[in-house]
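Have a look at this one.
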Amino acid sequence: MPSHLALLSCLLVLLLSLDKFLLHYLKKRLFSGPRIPSGGTSKSRRPMAAAAKWSETAMLVIDMQKDFVDPAMRSPMLVAGGEAVVPAVAEAVAVARERGIFLVWVVREHDPSGRDVELFRRHHYSGGKGPTVKGLKGAELADGLVIKEGEYKLVKTRFSAFFATHLDSVLKTAGIKNLVIVGVQTPNCIRQTVFDAVALDYEKITVLIDATAAARPEIHLSNIRDMKNIGVETPTLDEWRR
Amino acid sequence: MPSHLALLSCLLVLLLSLDKFLLHYLKKRLFSGPRIPSGGTSKSRRPMAAAAKWSETAMLVIDMQKDFVDPAMRSPMLVAGGEAVVPAVAEAVAVARERGIFLVWVVREHDPSGRDVELFRRHHYSGGKGPTVKGLKGAELADGLVIKEGEYKLVKTRFSAFFATHLDSVLKTAGIKNLVIVGVQTPNCIRQTVFDAVALDYEKITVLIDATAAARPEIHLSNIRDMKNIGVETPTLDEWRR
Amino acid sequence: MPSHLALLSCLLVLLLSLDKFLLHYLKKRLFSGPRIPSGGTSKSRRPMAAAAKWSETAMLVIDMQKDFVDPAMRSPMLVAGGEAVVPAVAEAVAVARERGIFLVWVVREHDPSGRDVELFRRHHYSGGKGPTVKGLKGAELADGLVIKEGEYKLVKTRFSAFFATHLDSVLKTAGIKNLVIVGVQTPNCIRQTVFDAVALDYEKITVLIDATAAARPEIHLSNIRDMKNIGVETPTLDEWRR
Amino acid sequence: MPSHLALLSCLLVLLLSLDKFLLHYLKKRLFSGPRIPSGGTSKSRRPMAAAAKWSETAMLVIDMQKDFVDPAMRSPMLVAGGEAVVPAVAEAVAVARERGIFLVWVVREHDPSGRDVELFRRHHYSGGKGPTVKGLKGAELADGLVIKEGEYKLVKTRFSAFFATHLDSVLKTAGIKNLVIVGVQTPNCIRQTVFDAVALDYEKITVLIDATAAARPEIHLSNIRDMKNIGVETPTLDEWRR
């Protein structure tokens, strides 16, 4: 019995390893069933009227920092699937700029002491070093990503970009009603930001399914599923850019 | 190829349907691997010294209201797996009382207008009715659960018990450092409360894996996995009560 | 020597009182003058275009509960100047209803244990009793004030109506941009709510100077002065109702 | 008639000033008297047991930036009384360091666009310039003040150091229960930080009356009075250092 289970588990891992193919396949088959009646019952499901709406949209680029996505940093915080989505994130940013979407670069920057890091990660900080310490190389954006004039940098110290920050204030006062989310990683910073955005009544929240990543595909997918279940849209970059 | 995939998917669903057996099996085999080095690097992993520590522990009982767990209410908010865990929740509460653990009953209570409900659920409210409207039967605790003197009722309007509430203040000022979580449902109110508790630096956070529930087992399990990955403990009720 | 110092100090206070505050504020408008056009530099000072704008305005009625304004309750929390403004508050509420302004009744309701009360007031709670304990008479609205259908009750446990509550969410999502504040008491709950409203970027914040009160007139006036200094409008009820 | 009114108003203010506030406060202690034993009813008034307690104390140094306290910057945000307290603040910091008190340097840093500034001040930002814009000279600490290793810099965008920041988290998790506040300016950033600290249940909050400042003495004093009324201690630097 345990060995059957082991076999099945192996199959499961194999299945989930098919990755990008699966991302598309599962999204189109499994997740389009009757379970998610995305029929326009709620305000958040209405189609975007026109390009004019982009002025009410912000893109949050989350945690695209070297310590999270660049294996060369050898950071304990490296997200296994992170490096692979850097090009997609860069492309999403380019599309956002063309559309005049307000760009917010959300980054972690911690004190060298680690005193503003979550307890369960605090042991990584000592001797003035640790993941994404302010001023160190690991806190820089991944190669190829730059903050341009008119774009906003938002520093956070927890998973959610909204937790104990002034992000909601900056967005609401600028008239932002819709959010597009890219970056890493899906179960933590992406999902917590998304769930807080739902709690904060943003009307339309979109997670680009192939411009976000987690340590393993099944972690990514199960979190995408949960976000869809609370009304979040999850197109691919290509679907979104059309 | 697609049919193979379908078969594998079916096997996956079957696998996950083995439920309680799996709960134990997976917890002990899959999740005890090198991925989760629960070696005592962080403060939150140290063993509870003695019973004296219960005075620094609170149990959060989340959303155990008729509209969420009682099928007779025919609420659109019914959690499929909710009714099944009512006895386990009641038992967990009894253990907490024996140990002198501070009990917090977290409930949703909404205005009949629905104006304090998340946008994506607001269409359920009209004519003064809707899920867990304050004063209506659906907002009451499930049969068998009662708030006793000295226990605290905390009203919330979003997933997380900490979102826009004074819960953190009540707990921190009372010297609470550890949390035990029971109730529904795992991907939303349970998980968001747990992730916020991590963000708020509670030292030890415990989710009783069989006194919490989601609509489907695989949703429950994938969220338990994500919570374990950020240092949350996930024993069964029996393991916890020992 | 101490008496010389006292005399000099008094003269100093008198001298300093004869500045902008007294000369402009008291001479020109105490309960009668025209509204000071306070330097229209900011967005918040623009005139209300038309009655249509009332749909973007909410009135916050703060702490008008028996324990705060009814001397018969013999509450330690009684605000000396509170009872005197009950009629003005009732009138302001009537005007708000005529104009279709969204009414929010902000009240304190505390647990009998006092565990959700500020530390410096917690000694007032014992034996299941204390100021504005939920369910007790002292927590009720003052005689003559009632919450009508379509109006909202917001429970808080601290000075500011925005502190650890979902009020901002309810207001922002309803499209509210302007606030009118009445109730007690000026230095604590009124002012903290107003300063938080400024921090939360409400565009126009109006405190009705004679529908708010403090323990003593000079406390009321010095707080009105400070609120004016950050762009808050402070008309009388008569000026506002015109 | 208006002049009669003005005269009566002045007399009223003078009369009211001769109450508890003036008689007790100014006569007995202005810059010299013994600390007022303010009624010891609450937990927060108990005497500090020993030097050991300093490990549970943090000093918040608020907004001591060139644009707020250095007239040479010609900033519209200059606090008239700010420059005069720089030496007292520096001295308070020195005492804190001797005692091993955790130092938190709270500063405003704004985006050049002004999009994270309060609405009523936003007109000061254009062309990439404005008060305390991140990276510009005006955002630097006043001459003579420096952040040393082991001390913490906290960036805020609103009056209160706790508003939409992670300060409470950093302090509570470090075991801080008591706060000492210095800096500018009394009615806004000092007071809002203090009132939020009361709301957040810090046990003992101390404002050094001569290491804080406002635009005018009567503004400073009326705010000190209001803070005393909610249990805040307000010694001079000399009284506190004893």
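Note that the chains take the letters A, B, C and D in the order they are written out, and that residue 1 is the start of every chain.
Heads up, the rule we're going with is that a contact is a pair of C-beta atoms (placed from the backbone, for glycine too) under 8 Å apart; a residue touches a chain by one contact, two chains touch by 3 or more.
For clarity, every value in this text was computed on a predicted model and none was experimentally measured.
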Out of B-D, A-D or A-B, which pair touches the same way B-C does, with over half the contact pairs the same?
A-D
Between copies subunit A and subunit C, are the contact residues mostly the same numbers or mostly different, with half as the line?
same
Just give me the whole-number Å value for how far the CA centre of subunit A lies from that of subunit D.
39
How many angstrom lie between the centres of subunit C and subunit D, each centre taken as the mean Cα position?
23
When you check subunit A against every other chain, which residues touch at least two of them?
119, 158, 163-164, 169, 173, 199, 201
Contact residues on subunit B for subunit C in the complex?
111, 113, 115-116, 119, 150, 152-153, 155, 157-158, 163-166, 168-170, 173-174
For the subunit D and subunit C complex, residues of the former touching the latter
2-3, 5-6, 9-10, 12-14, 16-19, 21-22, 26-28, 30, 41-44, 118-123, 158-160, 163-164, 187-188, 192, 195-196, 198-199, 201, 203, 216-219, 221-223, 225-226, 229-231
For a test of understanding, state which residues of subunit C touch subunit A in their complex under the given definition.
169, 172-173, 199-201
